[in-house]
Structures are given as structure tokens and as C-alpha cells.
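Pasting the structures in now, so scroll down.
In what comes next, chain A is part of two complexes: it sits with chain B in the first one and with chain C in the second one.
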Partner chain A sequence: MLLHALLGGVIYGCYFTLIGLGLNLVFGVMRIVNLAHGDVLMLGAFAAFFLFHLAGLSPFIAAPLVMVGFFLLGLPFYYLVVPRLALAKDAEMLSLILFFGVQQIIEALAAIAFGSSERSIPGRVLGIGPFHFLGQNLSRAWVIGAAIAAGAVIALYLYLYHTRSGLLTRAVMASREEALASGIAIHRISARAFAIGLALAGLAGVFAPFMLGSVTPAMGVSVNLSAFAVIIVGSLGNPLGTVAGGLIYGIGLLLMQTYFSAWADLLPNLLLIGVLLVRPTGLLGRRVRLA
Partner chain B sequence: MTAWRKWGRGLAVFAVLVASGLAGGARAENAPAEIKIGHLHAGSGPYASISMPVYDSLKLWVEQQNANGGAFVKAYGKKIPLKLISYDDQSNPGTAATLTNQLITQDKVDLLVCDSGSVLTAVSVPIAREHKMFLFDPTGTGAAFFSKDNPYIALLADPVSTVWPRYLWEFLKSDAAKLGIKRVALLYATNDFTGTQANSIRAALKEPGSPVEIVFDQGVPTSTSNYSVLIDNIAATNPDMVLELGYVGNDIAFLRNLQESGQKFKGVFTLYPGIETNVLRKNVGAQGLAGVFSYVTALGLTLKPEVGMTVEELRAAFEKAYGEGGVEFGWNAIAGHVTGLVIGETLAHADSLSQPDLHRAVFGLSGKLKTLVGTFELRDDGAQIGELTPIGQFDATGKLGVVYPSDLATAKPVLGAP
Partner chain C sequence: MPRVLRDFLSVGLPVVAIFALLPLVYANQLLLFNFVLFLILAQGLNAIYGFTGYLPFGYVGFFGAGAYGFALAVMHLAAPPALALLLAGLAAVLLGMILTPLLRLSGAYFAIANLAAAQAVYQVIANPALQDITKGPYGVSLASVFAPKASYGAALLILAGVLALVAWLRHGRFGLALQAGRDDPVSAAMAGIPVVSARIIAWLISALIAGLAGGVFAWHISVFYPETAFDLSTSIFAIVFTLFGGAATLSGPIAGVILLYGLYNVIGISVPQYFQLIYGALIVGLVLFLPRGLASLLQRRGIDVP
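Moving on to the complex of A and B:
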């Protein structure tokens, strides 16, 4: 039981890394809290659902389509909202309120458009039967979700550390004012990061029907709670710290399910409280957040 | 003398008729322009999928009544249009509490109907009681809501949670035990609906002489969306049969994870496949439901109602009204219709719209009202006990046959099928 919980936790945690990745990138670059992140993920899930049921497209084909679509939607949305938000005295707090409103609108519109019933994509689409590893039967969807998450982390790493645009993104993350003073087009860089954040949320959404059983318009709130726990545990504002947060969250959740199942939904709150009390910067954080 | 007596009797009868006619006229003149029905629904959030079908179906019933001039209200001796005031509590118990208060104190509704499911009903029960307002409870089945000292509640469309699993544990201790089910795993979501059922099953299976023992007994949060590790943990205890009790999302996740895990059990019981069959079939597939045991509701039984529509008539009306709006027709849509029928019959029988008279009228229907879900029968604490919840099993084509009790059975239980 322990080995299965640990192995499953690592693999399941990889998916939570993917959930938190985009949220952390957006916060790291823009210092805005995208409370609609979980609802963007939900939209990705419904996009995959309809692409499968209406067009017969497998999630492997839906994933790049959703990513490109969400990236392209993210760019104008950024210019519509974020530059004005950045002018505010307390942009972080204002972003909380604004994106809370956006989250409510998305959920309400989705409920009207898609209804409130649970939706999913047949599990056989990702292959039949469990995946055998170290004598354990692991969910094939988990393994594929983990592989997709690992690919996304590597791609983001390559973007941030091996491209000029990534270098500029890191400069904005380090200090928005200094980046602006250095002549970096911070809005262009930020818009790109924002759109990448949405694309990553969309990608996580494509695999949500397999990882979370089913999807509904209401799923965004609980996804957000998990995503915030993951990025705060890892390190707020450090996208790659999300990996540590995701793994800890995944292992913690499955250990809780194994030994204290009735209390498993307390885990995100316990992790948040624990990390904020003991190490407010997160496990891989260097700077103390004052906001 | 005889002639005088006859005249006297005739005059007396005439006087009574005139008096009652005048009173009836006066009652009709005092009749309100509309009867206000206060209701809550969850338009979003985790309970939306069980709440919206109830709301849509109740709304449909109100529209049908109003299309015929309204519901007959005995207290005023005429038909009066109905006005459904339904607020969206977004699946939030705190919001549901506030809105229940608003319906009573601000909107001053004539009849109060709470939201669906035990989680959202729980907050309305004490508020209704505090305001001495009779609560029409469509599907909040938690046993704790019903007590003899609270006359302000009646469960309308679902059996109380302690009644739901009666046939299940009887089946386990009799037919299933004979087929070789000796060890049972019990996994349930920790809410009033499924928690109460788990308690009832546990108590029955732990009775002295029970041929079945519980080898795994764990609760999980209702928000659980991943059962893979739990299934592995259950398999480690080597049960013959797994009983998983949850809401729709729980059951979908459990059955999908079970398929993916490769684990096999002789028998699997889950709650919602027989309740919201369409939703489960769409999410799990006929293959995922094959061999699964579940409750059989009116969807799988052919009951002839004396009041209201049959299941197929209601299904046709519901789908015509709402089409492919994303709200599936299932047990909860039926529950919404039954709620409407009970309200209609209450108005037709209550001497006035005072809360004690509404109480008397609702309890007066007990044992007499036969709807598409069976006989409406209330225990003296307001708990619904009249409906049947037989045990069924899905075959390979996705059809649900009744396997217990024997007098209702249409199929034989088959173990090892999933």
C-alpha cells in the first residue's frame, strides 16, 4: 500500500505540477493572481470533450489545438486587462478581485452553455489496461498525464533558459522596473508569458477528464485550491519550483487517502498553512514576499 | 306539523347553502393573485448536477399548472396561478442559509422548498423550524433531519437514507451470501446522504450471525475525484464485493478508476448508476457499468401513477422543454416532478395556507398518493418511507434488471461480471 501510494503520488503529482505551472508563470512575470486559472483549465477540458465527441479528435491531437487556441486568446486578453491593472497601486490585490469576477463569469457562461452534468472522455482513448511498474498497477491515464506534464516542464525550462525571449522573461520576473529601464518591451514579454500560462492551463484541462474522473463547469474552484497549494509549497513566482510543489502535493494526497482518507481534502489547506508558517518563500523560494 | 317541519328543514338547508355560498364567494374574493413557492437550486458548483434536474422539472410542473389556470387551492375554492421564486445558492451552504431566510422573511413565500441533496438541505432545516415554516424537502434524505419534535419538514421524493439500503443489506445477507459473498469493502463519501446509508449497512452487517463481514470501511470527502489508490488499498484486503456510496462525480471517478486499475472483484455496488443512469452511461460507458449492482428507481420500474405523468411522459415533456441543455433526465428530474405533485395535492387539500394546515394536508396524503415513484408515505417524523429501492444489476448491454427482492426480480444476480 505504501509503495503504491508513493509511486502513484509521484505520478499523480506530475499532473498537479502541470496544473500549477501556468499559474506560477503568470504570477512570476506579472505579479498578478489569476483566480480564473482553474476555469481556463475547465474550458480546456470542455474543448477536448467537444473535439472528441463532435470531431472524433483524440486528446493527443486536441492538446496542441487547445494550446494554440488558448495562446492566441491569451494575447488580446492580456492587452485588454493587464496593462491597466499594472497601473494600479496594489495590482496584486486588484488582480485578485478582477480575476475572481472573470472566474465567476466563465463558470456562469459555461454552466449556461454546457449544462451542469458531468462530462468525460472514454478512458480507452488513452489505451486499455493499467501500466505495470515495480510490481504495481498504475493508471495509464496517470502515466500519460505525468509524461505530458514532464514534457511541458522541460519545454518551459528550454524556453526560459535557452531562448532570448525566455531570458527577457526571466529579466521581467527578476524586476519589472529594471527590465523596463533596460528597454525590454515588458508588455510584449508579459503577454507572451500570460498566453503561455493559459495554454498550459488548457493543456492540463485536456487531460482533466482522465485525471479527475469527469469535468463540470464548477470544477475551477477546487482546481484553483490545489494549484495554489502546489505553487505556494514549491515557490510562488518560480515556475520550476512548481515541480517540487506538485510532487509533494501528489504524494501527500495519496498518503492521506491511504491512511486518513476522510481527511484527504484538508491536505491543500494544511500544506498552505504549514508552508506559510515555516517557510513563506516556499521550498525553493529565495525572496520573501511582502505582499 | 309535518308540513311545517318540512318547510323548516327546507329553510335550514337553504340557509346553510346560502351561507356556504357566501363564504365561498368571500374566500374567492380574498384569494391572493398568486401562490408563491420559494425554492433554492444550485446553478453551479458540485451539487448543480443533482439540483438542476429537480429545479427544471419543478419549473416545468409550475408552467404546466399555470397553463391550465393555476393550481386548485381548496382554501380559496378556486385555481390560483403559481409563482416559483427560485434562487441560485451556487452549491454553497452558507448562501443557501441566507437565501432560505430571504425567502421566508423578505419574499414571504407561501410554501418553502429547499434545495436538493442532504448537504444543501441541512442548512434549511433549522431555519424553517425556527420560523415555524413547513419545509417541502425534495431529496434531502439525511436521517438527522427528521425527528418527532420537528413538525416542520416532510421528505417528498426520496426515501430517507436509512431506508435506501434496506434491500441492499438484505440482499448481501441472503442471496449474495449464498452466491459466495462473505467479505465486503465499504467505501463512502462522508456526507449525510451516503454517510447515513453506510451507517445503516454497517449496523446490519455487524449484527450477530451475519454471514458477511466488513473487511474495509473508510469514508472519503465528497470532493474525491480519484479512487485509484483507494481501489488498490481495497484490493489488499481481498473483499468479495465492494460497496461504493457517493454522489454522481464520485461514482463516475470510482468506476472509471476501477476499469483502469485492472482490479477485479466478484461484485461491485455503486449508488448512482441506477439513479442518474444517463449521466453514468455517458461517462463510464455500457462496458464500465456491465455487472455493476445499483439501486433501481422509478427509471427501471414500471409503476402506474394515479396522479401526474408516467416516467416516459415526463421524460418526453422534460426533453421537449429543455432539449440538449446539458441537464440530463434522470431520477432527480423525477424527484422535481414528484415535488410539484405533492405541492399541488397539498394545495388541493389544505384548509388554509397556514403552516399547521399545510402540515396536516401533506401528512394527510401519506399512503394515499400514488405517483410515478410509488406510494407517498410519511413516517410521523416526516421521513419518506413509501418508495421502493430494489437492487438491480446492469447487463452487458447496459440494461438494469432487478435482482432483489425476489417478488420484483426480473433477472438473476451474476457475480464476477465487472
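Moving on to the complex of A and C:
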């Protein structure tokens, strides 16, 4: 049972890493708290649901479609809102309130358009039969979700550390002012990062019906709390630090569910408060920043 | 006449008087009670957000702690309502003390941690494992102390006290110290203002207000579930009302509650999604175009808004 909980925890950890990844990228580059992250994920889940039930497209085809679509939506949205926001004195706080408003709009529109009933995609579309590993039977959908998440982390790493655009992104993360002074088009870089963040949320959303259960317009809030727990435990503002947070969160959650199931819901909140109070920079904060 | 008294007499007292007289001509007392409740909560949020800049997204945690403080006092101690109300305020202040370390966090981190804290309190109280104490997810019934007239009167008294308090924060020494600490903590500290302890006091005052509001809510409603006592939209409403009217003023949150909660009752009850859509758009519009609320429209023209 312990081994199963640990393996399940690693799998869930990978998926929660994917949930936090986009949020952390956006925060790291723009110092913007995207409180609508969970609702973007919800939209991705609904897109996958409708693409599957209306057009018969499997999630593997829906995923790139959703990512491209969300990326293209993210660019104009950035220019519409963020440059204006950055002028304000207390931009970080105002961004929290602003994206809270955006979240309310998305949730309301989704509730009006889709109704509040629970939707799901049958797990068999990802393949049939469990997955055997170390003598344990693991759900095939979980393993695929985790593999996709790991792929996304590696892709983001390659983007950040092996492309010119990624180099500029890291420069903006390190110091916005100095990046501006050295002639980097910070808005173009930031818009790109913002759109990638939305695309990653969309990708997480496509696999949400398999990993998080059924999909409703109101699911965004709890997803947000998990995502914040993950990125704060990992390290805020460092996208790759999200991996540590995701794994701790996933393993913790599965252990709680196995041994103290009545109190499992408390975990993200307690983890978040605890880490914020003890190490506001996150568990990996300092070391990763120096490296 | 001191400015505290002037503000209270010109803005606070008329509001209390109107809500004291309205039940004589308007029969829906529950609606009036909800208005009074949100007037209290918006001012309580104003006390912490308007005067220190800390935005507690989990403000409803104190409200719920107050509601359950009242309920537990009535159920287990058979306390009379007045004593139970005091215990409700005490429960929220205790929670506030436990959460005081959160004030070390800044801006967005504070807001998120506070939200998580409110959720954690909710999950503990609603947990089936604690059914013997809190009745868990099945809700509490306080029919033995149900007294709508008396509880409405108590809510009005609390409102009067809270309005007086905010008027004092605006002009009194302590409130000015808080505002200095909000605008520039380093300079304020150099001028000899104990910034941290002043903030903690404001935080506990704000918790007390929400706790009293929760207690009087439990008394008036008398049957409620953990989801209603810890409903996140309570925080959200209080925040939006305060921002819309203008934080750090006495009349701003009042205007916000009257206008937006009025709007909510016209269109929101039947189709909540449309109201959610409208206030979502309102928040976005406010942040982008009017971050200091309605009051700033007048303040920009040099008019002093009480």
C-alpha cells in the first residue's frame, strides 16, 4: 500500500507540477498573480470535452489544438491588460484583484454557456488496461497524464535554457529594469511568457478530466489553491522549482488520502501556510536563485 | 466639532437611523438584515485593507469563526445570546491572533495565505470527524435563541459601533499612524510609529468586527451550514463593495454596499451567473480605470469625502 501511495504520489506530483508550471512562469516573468489560472485550466478541460464528444477528437489531438488556441488568445489579452496594469504603483496587488475579476467573468460565462452539470470523458480513450510497474497496477490515464506533464517540463526547460527567446525571458525574470535598459523588448518577451503560461494551463486542462475527475465551471477555485500550494512550496518565480513543489504536494496528498483520508483536503492549505511562514521564498528559493 | 464626531453624525448615524426605521415600512427583514451585515463586513474589511493595505481574501474565516463561536456557546454552554455574541467576537480574535504571523507576508502572498487559512478553518469545522462538537457538515440549529427583532437590533448596535470606529480611524492618532505605515512603512517607523504593532491591532480589530458580524448572523439566521458560514463569496462581496466605494473612507464602503448589494438583489438572486459576470467586469474596470473607487471621483476634484 505504501509503495502504491508513493508511486501514485509521484504520478500526481508530475501532474500538479504541470498545473503550477504556467502560473509560476507568469509570476516569475511579470510579477503578476494570475488568479484566473485555474479557470483557464477549466476552459481547457471543457475544450477537450467538447472536442471529444462533438468532433470525436481524442485528447492527444485536442491537446496541441488547445495549446495553440490558448497561446494565440493569450497574446492579445496580455497587450490589452498588462501594460496598463504595470503603470500602477502597487501592480502586484492590483493584478491579484484584476485577475480575480477575470476569474469571475470566466466562471460566470462558463456557467451560462455550459450549465453547472458535471462532465467527464471516459478513461478508455487513452487506452485500455492498467499499467504494470514495480508489481503495482497503475491507472493508464494517470501514467499518461504524468508523462505529458514531464514532457511539458522538459520542453519548458529547453525553451528557457536553450533558445534565445528563453535567454531573454530569464533576463526579464532576473531584473525587469536592467532587461529594459539593455534593450530587451520586455513586453514582447512577457507577452510570449504569458501566452505560454495559458497554453500550459490549457494542456493541464485537457488531461484534467482523467486526473481530477469530472469537470464543472466552478472547479477553478480549488485548482488555484492547489496550484498556489505547489508553486509556493517549490519556489515562487522559478518555473523549474515547481517540480519540487509538485512532487512534495503529490506524494503528500496521496499519503494523506491513504492513511488519513478524512483530513486529506486540509493538506494543500496547511502546506501552503506552513511553507509561507517558514520560508517565504519556497523550499528551493535561495539555492536555485544563486545557481 | 471634532472631525470624528462630524463624520459619524453626518454619515454613520443617518445610515443606522434609516436601517432602524426601515422595518416599519418594509416587511422583508431578512433582506434588511443582510444589508446591515454587509455594511458591517465592508467596514471591517475597510479597517484592515483601507488603513494598512493588507487584503484578506479569507476574511470570511473570521465571519465563520464568529458564527461557530456563537453556535458552540449556545449549544454547549447554553449561553444567553449577549454572552454568546461576545464569545463569537472572542473566537474571531483568537483566530486572528493565531494568524498574526501571516502579516509578515506582503501583498499577494498575504492574500493567498489568508485564503488558504480560511479554507483550512472551514475544513476543520465541517469535518465529519468532529461531528460531536461542531455537527460537522450537517449544520447547526439554534432555534432556542431565535429572536429576529432582538438580533436585528444587535446588528444595528454593532454597525453603529463599527462606523464610529472607522470614523475614528480616519481622523484619530492611531488611524493616522496606520495610514502613515501603509503609505511608507520605513519613514513611518523612523518617525517613531510602531508600525508592526499598530498593524496587528488593526488586524485584530478587523477580526473582531467580522466575528461579531458572524455571531449576529448565526443568531438571526439560527439554522446554517458550514458552507454558508464560510462561503467565499462573503469575502468577495465585502472586498468588491469596499473597493467600489473607495477604501479608507467612511462613506465609500456604505455606497458600495447600497449600490452593489442592491443591484445583486434586483438581478442576482434569480440569475447569479449574470451578477457574477457583471461584478467580474466591474472589478476589471475598477482596477484598470478607477483603482481608488467612486470616492476618488470626488477626491480628484478636491472634495473631501468623509
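Convention: the second predicted complex is superposed on the first by the 286 of 291 C-alpha atoms of A that agree within 3 Å, B and C clash if a C-alpha of one lies under 4 Å from a C-alpha of the other, contacts with A are read in each partner's own complex, and residues count from 1 in each chain.
Note that in this section a contact is a pair of C-beta atoms (placed from the backbone, for glycine too) under 8 Å apart; a residue touches a chain by one contact, two chains touch by 3 or more.
All values derive from a computational prediction rather than experimental measurement.
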item: Simultaneous placement of chain C and chain B on chain A, clash or fit; value: clash
item: First (chain B), second (chain C), both or neither touched by A:L276; value: second
item: Partner chain in contact with A:H4 - chain B first, chain C second, else both or neither; value: first
item: Touching partner for A:A262 - first (chain B), second (chain C), both, neither; value: both
item: Contacts of A:P64 with chain B and chain C, given as first, second, both or neither; value: neither
item: Touched partner set for A:A108, first chain B, second chain C, both or neither; value: both
item: Partner chain(s) touched by A:N137 [first = chain B, second = chain C, both, neither]; value: first
item: Contacts of A:R84 with chain B and chain C, given as first, second, both or neither; value: second
item: First, second, both or neither for A:L254, with chain B first and chain C second; value: first
item: Residues of chain A that lie at the interface with chain B and also at the interface with chain C; value: 107-108, 111, 221, 262-263, 265
item: Residues on chain B engaged by chain A in the complex (per definition of touch); value: 42-46, 48-49, 51-52, 91, 190, 218-221, 223-230, 232-233, 236, 248-249, 252-254, 256-257, 259-263, 279, 282-283, 285, 325-328
item: Residues of chain A that touch chain B when the two form their complex; value: 1, 4-5, 8, 12, 107-108, 111, 113-120, 122-123, 129-130, 136-142, 211-214, 216-218, 221-222, 254, 257-258, 261-265
item: Footprint of chain C on chain A - complex, ascending; value: 33, 81, 84-85, 88, 90, 92-98, 100-109, 111-112, 221, 225, 228-229, 232, 262-263, 265-266, 268-270, 272-273, 276-277, 280
item: Interfacial residue positions of chain C with respect to chain A in the complex; value: 53, 55, 101-102, 104-105, 107-109, 111-113, 115-117, 119-120, 123-124, 127-129, 232, 236, 239, 243, 273-274, 276-277, 279-284, 286-288, 291
